[in-house]
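Think of it as A, B, C and D in the order they're written, each chain with its own count starting at 1.
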Amino acid sequence: MIEVKQLKKKYGKRHVLKDISFQAHKGEITCLIGVNGVGKTTILKGIMNLTPLNGGMVEIDGKPLTSERYEDITFIPDTLTMMPSMTVKQSMDFMKDYYRSWNPKRAEDLLTFFKIKKEERISDLSKGNKAKVNMLLGLALDVDYLLMDEPFSGIDLFSREQILSVFSSHLVEDRGVLLTTHDLTDFETLVDKVVLIDDGQVVREFYTEEMRETEGKSVVDVMREVYQ
Amino acid sequence: MNIFLKLLAFEFNRFKKGYLSLIGLTFTIQGVGLFFQSRSYLSKVEMLKEEGVSTQGILSQLGHFDLLNYTYSLWFVAPIMLGIVALLFYSVFIWYRDWLGKNTFIYRLLLLPAKRMSIYFAKLFTIFLSVLGLVSSQYLFLHVYKWLIPLIISEEFTQVQSIAQVIEQGAFMVFLFPKTLPFFFFAYLTGLMVLMVLFTLILFERSFHLKGILLATGYAGLSLFIYFSPAIYQLYTRIIFANSETFLWFSIMGIVLMGLSILVSNFLLTKKITV
Amino acid sequence: MKRYGLLLLTIILFVSAFGWHYFSVEATHNQKPTFSYVTSRGNKEYVEKLKLVGSIYQPDNEYNQTNFIQKGEETLYEEDFPFLYQMDTVFYAHPSFQRLYENYPNFVKRKNYGNFLIETPETIVEASVDWEKQQSTSTTIQVEKFNKESEDIKKYTFNLPLDNPAEYSYLESIEVVENKLILFLTHVGENKWEDGMNTTAVELFVYQIDLETEKIVSAEPFLTQFPATEFPAETNVSALNSINGDEDYKQKENNLFLINHENEGETLTSIANYDSKDNRHTILDIKEEWIDSPTQQIYEGETLYLIEKEEAGFTVRVFNIETNKLETTLSVPLTAALMQNFNGEYVERGMRAAATNDLLYLVSTKSIQNGEDVTIVVVDLYTGQTVYEGTLEPDNLTDEWKPLDAEIQLIDIEE
Amino acid sequence: MKQTFNSRDPLYLQVVRQFKEKMANGQYKPGQEVPSRRELASQLGINPNTAQRAYKLMEEEDLVHTGKNMPSKLTGDLKKFSFVRQELIQEAVDQFIEVVKSLGIPLEEAQEELSRRYQVNGKASESDD
């Protein structure tokens, strides 16, 4: 379980995150939703210690997160973070080199799944393929938790479909996924849990099925309530 | 440790092109310079000979052409300067390149399952080993030039010098090869210390941006103060230290600054860094 | 593994290059130079006491001073710390200070830079002017006496009354004879003239202080500014021993002072002698032309040698301080070509001189950088004959280490 | 086989309903193997947890049986099948009646219209295929 308690973050005098607390469980897909600039990415970066926080705590399975535990949890940013001069294979080798949790078989499966050629240079890849390689590098790790920042932003429809299908496949099976998005189209049926963020605070935290069952509202309905 | 070694090799190979071309450039420029300088020397000798000047006369006018004199020519010094400037530049660029562009590689590095100081030390020793490699190759090149000169210049117009003499008296050399082994360690560890302070300054900037520049300036001032505090004490009190004591004090202050820089850098990298 | 290739190569390159270099440096540094010469009969003879201050190898580089001191068969070789010296001369302790420091750290530690330290067989005495207590009517002197055996430190404070008001005072030299401390102080004041001109007034005083009774025995003016003119004049007084870099702390019977008096563009140079035993001082009867041209002044015991460079050789004037008379003038003829080797950028750097056992050694310090040999001339002071004239060739030379720290021999001195 | 879902009703109920419809119209035969919940999830583009929940409900209703280390199977009980069919028919008829009644249409007119439209619609859907 990823437990985020009372995260606070200031940029200068602006409080971007005032009080963010939520939980994301293993085996579930949790989605952080908010309009652009609301600080979703900052939360993920804060969890991974990529930006300093002004308060709060992050615990993974009850223990604080240290860099040695990046074998258990990984972060897939919204851009591919490999050097453009590297080939896909070199990128994969890099990961294999540094992570014990790298799963070569799954990596190969993912290559086939995404239909990507190993020999291609990253600088030659299309935008969609870059996004897929980015997913691949994170998904091929045998980690318990996956954080993804805007996995569908700015990619073409077909790539989007392919990446979407990842979430209902065995590739994220039994793992905890925490992702951010500002647009839920096509995606609503895949999410277990939604955390709505507005004005630096968690406004709603709910399971989608429960929401449908008890209040008969879709996620978009709730969003509409919150943001209008 | 294992990840540190991998990262070191990775960073070192990233600098491979720059590093090898610096070595190549040094040898090329110095070699070409040696060729031109000796040719122009020989043509002057020929001219004087035609005028009927004796060997002694020529020598008193032109002097010998030897390795020691050659080290003072721009051909020899320029590549060394270039190397120093390039390495200084790369000491800064080695950090900023990971933040540059769309593919911010620093994400990848910071997310590695290892102590983040491994990144710091990998970059530190990449620079340090490049310096040592460049200086060592310069040493070998000196031997090559020593062997080349008698092939170009006839015996009467040149003189055999030992490499040690050239290093002791030649331009720049005493900074690259301090006189004795203890001073070699002293000088190069001081260089390493300076590099560590520089890295800390960069991390300040990377963590706090504009405010970081101010903090970095403060840290640079503090470092200067700490390092030269024995000297300031000496100047202020006019008390003289024995040389061994001076040496000891500078060493202690160097170690203190190294320790401080490691502590501060570790703090910045694990607690304050922003991507 | 392949990826470590370049890294390993660099480390191997570094270890071998630096190893090669420093191994050869260290190996040669262990061969300390000995000062000896082999006579034409093949006997090896040691110079009883030959002192050359400064490196004879790198004359124009003042950062590389090395002292060679020969005592009996043992050679003291004092190595400098050129690296520190290059950083700043302030942090560089002179070898003589270094020696005292190593022998008596309890006392010498934390001594003020520029204070006078004098060593006698039993004691080390330090004297300094207390700048803060300086008054126009008195000068305060702090003295510390260190007993070498018991390591006791005794402190004294003396107030020296001034006849004429002075703005500040500084020590020129100190001596210890038996239990008497002799201080040479320059008082600097100001003369105010009617037309508003100010000139500095310089007085050199000699004080004798009995350290047992802690009383000032005598206070005598040694020299007052002369002649009193209406224009600003400057007088510099310096102890001759410090000019020559004498760091052999022994009791001296004579104290020599070089006085430079500059007035209206003219310089008046004279040498004064103070006899500490008799508390008697004299301006030596030395003609100005003997010292105004490039000369090297050295003195041994009662004798002052004024060595003047000529176009073709040296003129050596042997002056007896006790009798205040010129004993002899020796002419050492040398070829003009050889004389060139003795011309340095500065006079005192162009050559080194040492007198011992009635032999005068003149060593050139210029030539090695031009790839020439060091010239040495040995003069017999009795006969005035040049007993050896040639080059100083280091012994056991390897190709690697020619002009650095090889063993030095004075070879083949004809008798 | 992408299905569109109504985002306001619980997905798992919609999945169960789709199952029941297929059982009723004979697409699913008694005792037939059903996709694993992961397969189902990726077939339908839904969260595996939702698929799991749908299966759980169907197990509770004895529509699906899951043995240990065995793929899940539909029940072989024909009674269950006819019960499901009955249930769907009743539901549909109930809905129809509710609408018709609220419009105030007499039973005869409704019956007449129903049999006419049923045939036309059936032909149309046949020609569609």
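Definition applied: a residue touches a chain if its C-beta (ideal position, glycine included) is under 8 Å from a C-beta of that chain, and two chains touch if they have at least 3 such contacts.
Remember, it's a predicted structure, so these values are computed and weren't measured experimentally.
Chains B-C form the pair with the most C-beta pairs in contact.
Ranked by separation of Cα centres from subunit B, the top chain is D.
For the pair subunit A and subunit C, the distance between mean C-alpha positions equals 79 Å. Here the CA centre of subunit C is 113 Å from the CA centre of subunit D. Per-chain Cα centroids separate subunit B from subunit C by 38 Å.
Chain contacts: subunit B has residues 6 touching two or more partner chains.
Subunit C has no residue in contact with two or more other chains. In terms of inter-chain touching, the protein chains here are arranged end to end in an open line. The part of subunit B that touches subunit A in the complex is made up of residues 3, 6, 101-108, 110-116, 207, 270-275. Per the touch definition, subunit C reaches subunit B in the complex via residues 3-4, 6-7, 10-11, 13-14, 16-18, 20-22, 24-26, 28-29, 58, 81-84, 86, 88, 90-93, 97-98, 101-102, 105, 108-114, 369-371, 398-404. On the subunit D side of its complex with subunit A, the touching residues are 5, 7-13, 38, 41-42, 44-50, 53.
If you check the complex, the residues on subunit B that touch subunit C are 5-6, 8-10, 12-13, 16, 19, 63-64, 66, 129-130, 132-133, 135-137, 139-140, 159-165, 167-169, 174, 177-181, 183-184, 186-187, 231, 234-235, 237-243, 246-247.
Within the complex formed with subunit D, the residues of subunit A that make contact are 27-29, 164-165, 167-170, 173, 188-192, 208-209, 212-213, 216-221.
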